[in-house]
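First comes the structure, then the notes that go with it.
Note that the chains are named A, B, C and D in the order they appear, and that numbering of residues resets to 1 at the start of each chain.
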Amino acid sequence: MTPHLIVPFGSADWAAVAPPTVVGVAALVVILADLMLPRRARRISAIAIGIVGLIVAGIIALQGWHHPYVAFGGAFIEGGFAIVFEGIVIVAAIFSLCMSYGFARDDQIGGAIALMLWSATGAMLMAGAASLMMIFLGLELLSLALYCLCGLAARASAREAALKYLILSSTASGFLLYGMALLFGATGSVALAALANPPISAALFDIGCGMFLVGLCFKLSLAPFHVWTPDVFEGAPLPVTAFMSVVTKAGALAAVARFAYAALPQRDHAAILIPLWIVAAISMIVGNVGALAQTDIKRLLAYSGIAQLGYIVAAMAGTSALGLRYAIFYLGAYMFMNLGAFAVVTLLSRENDEGSRLASFAGLGYRQPVLAGLMTFFLLALAGLPPTAGFIGKILILATDVNTGYAWLAVLLIVGTAISVYAYFKIVRAMYARTIGTPVLPRFVPASALPWVGVALCAIATLGLGLYPFAPSDILPLVR
Amino acid sequence: MSVDVTNYIALSAVMFFIGVAGVIVRRNPLIVLMAIELMFNAANLALVAFARVWVNNAGHIFVFLVVTVAAAEAAIGLAIVVAVFRRAENVDVDEVAGLHG
Amino acid sequence: MSLFYLLAVILIASAIFTITQKSPVYSVVGLLVNFLALAALYFTLNAEFLGVIQIVIYSGAILMLFVFVIALLSSGVGPFRAGPNRLPRIAAPALLTTLVAFGFLIFGIAQRPFGPLPPHRPTSFLGNVGDPNVFGSVGDFGVALFTVQLLPFEVTAFILMVAVIGVVLIAGDAVPQPTLGRHRPQKRAAEREPILKAPAP
Amino acid sequence: MSGLLLAVWLLPFAGALAIWALGPQLRRGAGWIGSATVLLAFVLTLVQWGAATASGGAHRALVTWIPGFTLGLLLDPLSLLWSLIITGVGGLILVYSIGYMWSDRAIARFFAYMNFFVFAMLTLVLSDNLVGLLVGWGLVGLASYFLIGFWFDRPSAVEAARKAFVINVVGDVGIMFAVFALYKATGSITFAGIFSQRDALSGGLLFMICGALFVGCAAKSAQVPLQTWLPDAMEGPTPVSALIHAATMVTAGVYLIARFAPLWNASPPARELVGVVGAVTALLGAILGIAQWDIKRILAYSTMSQIGYMIMGVGIGAYQAGVLHFFTHAFFKAGLFLTAGLLIHELHDEQDVRKMGGLSRRMPFAFYAMLAGTLAIIGFPGFSGYFSKDAVVYAMLEHGQPALYAVGALTAAITAYYMFRMLFLTFFGPYRGELEDAELGILPDRRAHRDEHMPPVHPAELTRPAVPVHGHAPAWLMNLPVAILALFAVIAGYVAIGGATSPWWRFFGGLFGAAPAVAASTVAFSESLSTLLVSALVAIGIIVAFVRYGSPAAQLASVERIRAESLGRPAIFAHAFYFDDAIDALVVRPARSVGTFIARFVDPHVLDGGVRDVAWGAGALGVIFRALQTGLVRSYALTILVGTACFIAYFALIGSAR
């Protein structure tokens, strides 16, 4: 017998995975440039190459908009669904790169940017992954790079964050992997499509689904799998925190959405997914209640993220087609308002101080009114007040929850929102309360003007999505 | 003459949860990492057994990839452990609790 | 049949040994035994190539890494010092929860047993290793890896790259560069200049 | 024509933008810009009178937001009335503010906020749909947050602003909920669309929607139990109190109910609920008004009480009467506040009536203005409040609610008492401003130190006058608006002479539909008898006030009486019936402690017998939350494992059940 080593894939398959590939290769170029260029040029070249790579990847991804393609025998599906998530990852990565100018030492910056790009690659692979293997690999590529990035700051807390993230995330990966093993056992295939009619034992299949969801819920930092989030967010360097707050979630959400919408057998939908909605509900409350007493903005945004992801997952309750659109819409909105807030913090950071403590915001309304105004705007958006994308996103989620018969989620969402207003207003008050006793911090020129670009774009997007929410939603295609 | 596959799965489940218990109970970071390796290998055992059931070598490939990932994870994990504990008095994950609340 | 149970006992015993040892060196030994038993189990499941991989990569490479790090962090064999146990009563709830989870998992799995493995293929115990038509052989494995499973295989390249670069970055941060000859301490302080001072573009 | 509508809506906003853009260089010019834009909007609104009262009103589509969701502006009699009050009374208050804020450093900021507020309020009332209404509703809350906290260097002002905002958010949530339910039930967001589909709403759902809407009303209009922010909101400058807390914002709830009259007509339980809450608020506000010493707080409680009347009126189904009371109240209450502002201005920020007295000789104009306002608010025959309050009270009988009628009549008597008490204390008797605090029984103010969470404030900040030096604003700037308002406070009620055939009733036409009333024959007594009865009660109130504070003997003994009353004030009044404390204990403190539990728990020994440190009352939830964030990896891993175990258990069970 002659082994037939004919690769059964053509250029179309490679074209389908071109966007993540381009990003991954851009990371290699960053490394090469880092080795060849003089020390002075490293920072800007790394960021520039990264941004260019991401933009190119985005353009390539858009080319495939009207040509959904099932590549590599079902391992990767390029289509509207994947492209939307890839787009979110790309945009989030670009904004994170904008904040990365002051990040890491000169001799580390190239590697750090490369790791960030590889992490984005992992998330983009998850966006299109349609087999258990690809989901696992995408997730690990995403996570492994983040473990390293978390530790890249000359602070003990950064290394602590890296260690915590590593141990807990690996444990969660273990659950995910075991769940995948059980799913493989129940279906005899690693393709997500095979989940639709499992031939073997219902219990095996269901427990597989459960452990699979545990792994992804960890990445989505839904309570009670959220415990790592505040510590890691606080300890990790600022650009990394910003990056992971969106990119990890986009990747994991893509996997969850594909699993919930396209993979599961129709008849078992409701029963299998109920725990997911419960977890989302708990997250809305835990996230917002936890945010109440925080005095570190990164930590506050971590709790905020827990709650926001609760809202996003709640949008998919009942797995209605509109719910998916709204979840994606809110993910996009969350990206802008969250990264906007992070960019503001970046602009406040100085030597040995990331500017994330509440004290850095004291009296900001008088020192830097524009910045304070924008921060207020982002916080209002996170709290879900009009006229922002956060407001409209919540309205849409409420609507879909009520429509699909998950009114209890809607009620919890409202309760959570009411609690969160308190938490966010603490910062607003700190910025505008003029009290004696807080040191008058000098006005400070940031290392780079790049974050300003991020802040401005995020603000425009948050406002724009708030005013014309359906402009993007109309073109959001459904999962295929 | 051959064994019920369910036994393999049960065996892998035992090993998996021994790993889980190790992560929670042990304080030495190196042993925690080893416990995580145990979890991964337990999943691998289940995958290999299921691959044999379905005669589908996708399970084998999966295991191979998991081994690769585990190698990468171990390398990074050990590097982080070294970074955290290199100058520490005690090598103990309980010492790493500066971030909380 | 009895081979399976023998291996199962070794596997479980070595796993428990691994997580109960005081010194990580013994744990590594336990893990080594565990992996060898696992490799043997792979052989009984017609996964010869994976069995070999398990021995070579896991036992050979990954465990060596552990040993290196143990050597780096301690005097080599001495027990690691532990601080005060801040969660002394976690063991009971942890084991209880573990048992509950385990119990439900077994309960679920036992709902519908698979039955014995079908003796359907030539059990190629190290025979026909290169034959792509024999399930579990190197040939079978390799063909699959480079054809239908090509994409996952390629992705691992990125993962390994991340591991390399990541470890270099983290280790570079953690291990102080030796202050040799012309690198005087002041110079090192200058290198660690606040990162935000870098000139704006 | 519709372009004019757009102009009305946007003019105040343009004014705000201009003031913002040109900034502090404008100084008093900002006031002129602000007043001019608002008064111009008033004129333009007036021009559209005809179009608005024509069938269907004036309408302008603005933008198609989503296909099927066309947002627009609507000027019908109801929104015309509100727009006129907002721009007319608002414009007068703005003119007054120029004088009042003459030498404040931040005069430009003040007018920017004020104009923004007017814009927000116009958004609320002019919107033809729920979304615009909701946006306006939110913006109004935001603007009031800025205005109440205008003097942000006073911790009490910041605290009051925050309180107002948070309570308003509670209301926003209610409205939001109603908006959803309405959209879901009727498939439309425009008022016209909703009302044409109102058959889709019935029974429980309708009551829920009305209830949710009323939560919003209660928060915005300071109805029990969400009233606590209103007295505290008096920390804002006095014109703000006049604009927001008398004439406009607090009446948004009245507007909302009147706007949704078709829903209320169809839901008897909702009418009952709202009527009762309004009556309770009216009575409670009046009782609390008895025991206040701060002139602005007296007026604040009277506002609360009067809004209780309005809510009672529109809630029960007597929309014309309720809205009429809004109309007259806008004049007399704005007038009262602005007059109070004159006093405060004259007395260099003294707001305590105990330190006033005998001002009728010193400020005769203020006295007459205050007298007009007082007579109007208590419903003295011939003054505007007489017509509106009588209409509201009598409507209770017409709609078969004798108990509410009794409450309304009783409240009228109490109102007469406390308003005249204020009048006598401020304008009669000896001037007590030079007396020592202790002599009058004034205790150190508790409020300033109430919130321990406020950062420490430098003493210099507290003593620095908020309005640093008195400039020389021309007297007419402040007196003219007061005079106009006082004039209207006297005459505004005459539009309603003639009952259902009066211009007032005809103005609204069939806008509200008809709420079922009981047959005329079953009403216990006639309207004229009722009027007589209420007037008698008012007279009793006045007489009691006169005996206690106004008679020559009482004037001579005023210092002793004040001291005795100050020291002997029952705690229940001092704490405003403990609503604040109740909210604090029921809502704020648990939320805060849960948050602290989750966040602050640094003691890792929860599992190590640390439970003993936790009061069991905090509950298992608190313990679990505390255990979550110890900072220890192993406890995190255990938490995750517990979650996983739950997942596995659930899935094993459902899996085996199939």
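By definition in this document, a residue touches a chain if its C-beta (ideal position, glycine included) is under 8 Å from a C-beta of that chain, and two chains touch if they have at least 3 such contacts.
No experiment lies behind these values; they were computed from the predicted model shown.
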| item | value |
| --- | --- |
| Between C-D and A-B, the pair joined by more C-beta contacts | A-B |
| Chain A and chain B: spacing of chain centres that average the CA atoms, whole Å | 26 |
| Centre-to-centre distance between chain D and chain C (centres being mean Cα positions), rounded to whole Å | 66 |
| Where chain B and chain C are represented by their mean Cα positions, the distance between them in whole Å | 6 |
| Distance between chain centroids, defined by C-alpha means - chain B, chain D (Å) | 62 |
| Set of chain A residues in contact with two or more other chains | 133, 137, 140, 144, 147-148, 151, 159, 162-164, 167, 171, 201-204, 206-207, 230-231, 293-294 |
| Residue numbers of chain D (touch at least two other chains) | 599-600, 604, 629-635, 637-638, 641-642, 644, 648, 651-652, 655-656 |
| Where chain C touches two or more other chains, by residue | 86-87, 90, 94, 98, 101, 104-105, 107-109, 111, 114, 148-149, 152, 156, 159, 162-163, 166-167, 170, 173-174 |
| Chain contact topology (line, ring, star, complete or other) | complete |
| Chain D to chain B touching residues, read off their complex | 599-602, 604, 629-634, 637-638, 641 |
| For the chain C and chain D complex, residues of the former touching the latter | 86-90, 93-94, 97-98, 100-101, 104-105, 107-108, 111 |
| Partner chain B, residues of chain C touching it in the complex | 1, 4, 8, 11-12, 15-16, 18-19, 21, 24, 27-28, 31, 34-35, 38, 41-42, 45-47, 49-50, 53-54, 57-58, 61-62, 65-66, 68-70, 72-74, 80-87, 90-91, 94-95, 98-99, 101-102, 105-106, 109-110, 113-117, 119-121, 135-136, 140-141, 144-145, 148-149, 152-153, 156, 159-160, 162-163, 166-167, 170-171, 173-175 |
| In the complex with chain A, residue positions of chain D that touch it | 65-67, 134-135, 138-139, 142, 149, 152-153, 155, 158, 162, 165-166, 169-170, 173, 176-177, 180-181, 183-184, 454-458, 460-461, 591-592, 594-596, 598-600, 625, 628-629, 631, 633, 635-637, 639-640, 642-644, 646-648, 650-652, 654-656, 658 |
| Residue numbers on chain B that touch chain A, as the complex places them | 9, 12, 16, 19-20, 23, 29, 32-33, 36, 39-40, 42-44, 46-47, 49-51, 53-54, 56, 58-59, 61-62, 65-66, 69, 72-73, 76-77, 79-81, 83-84, 93, 96-101 |
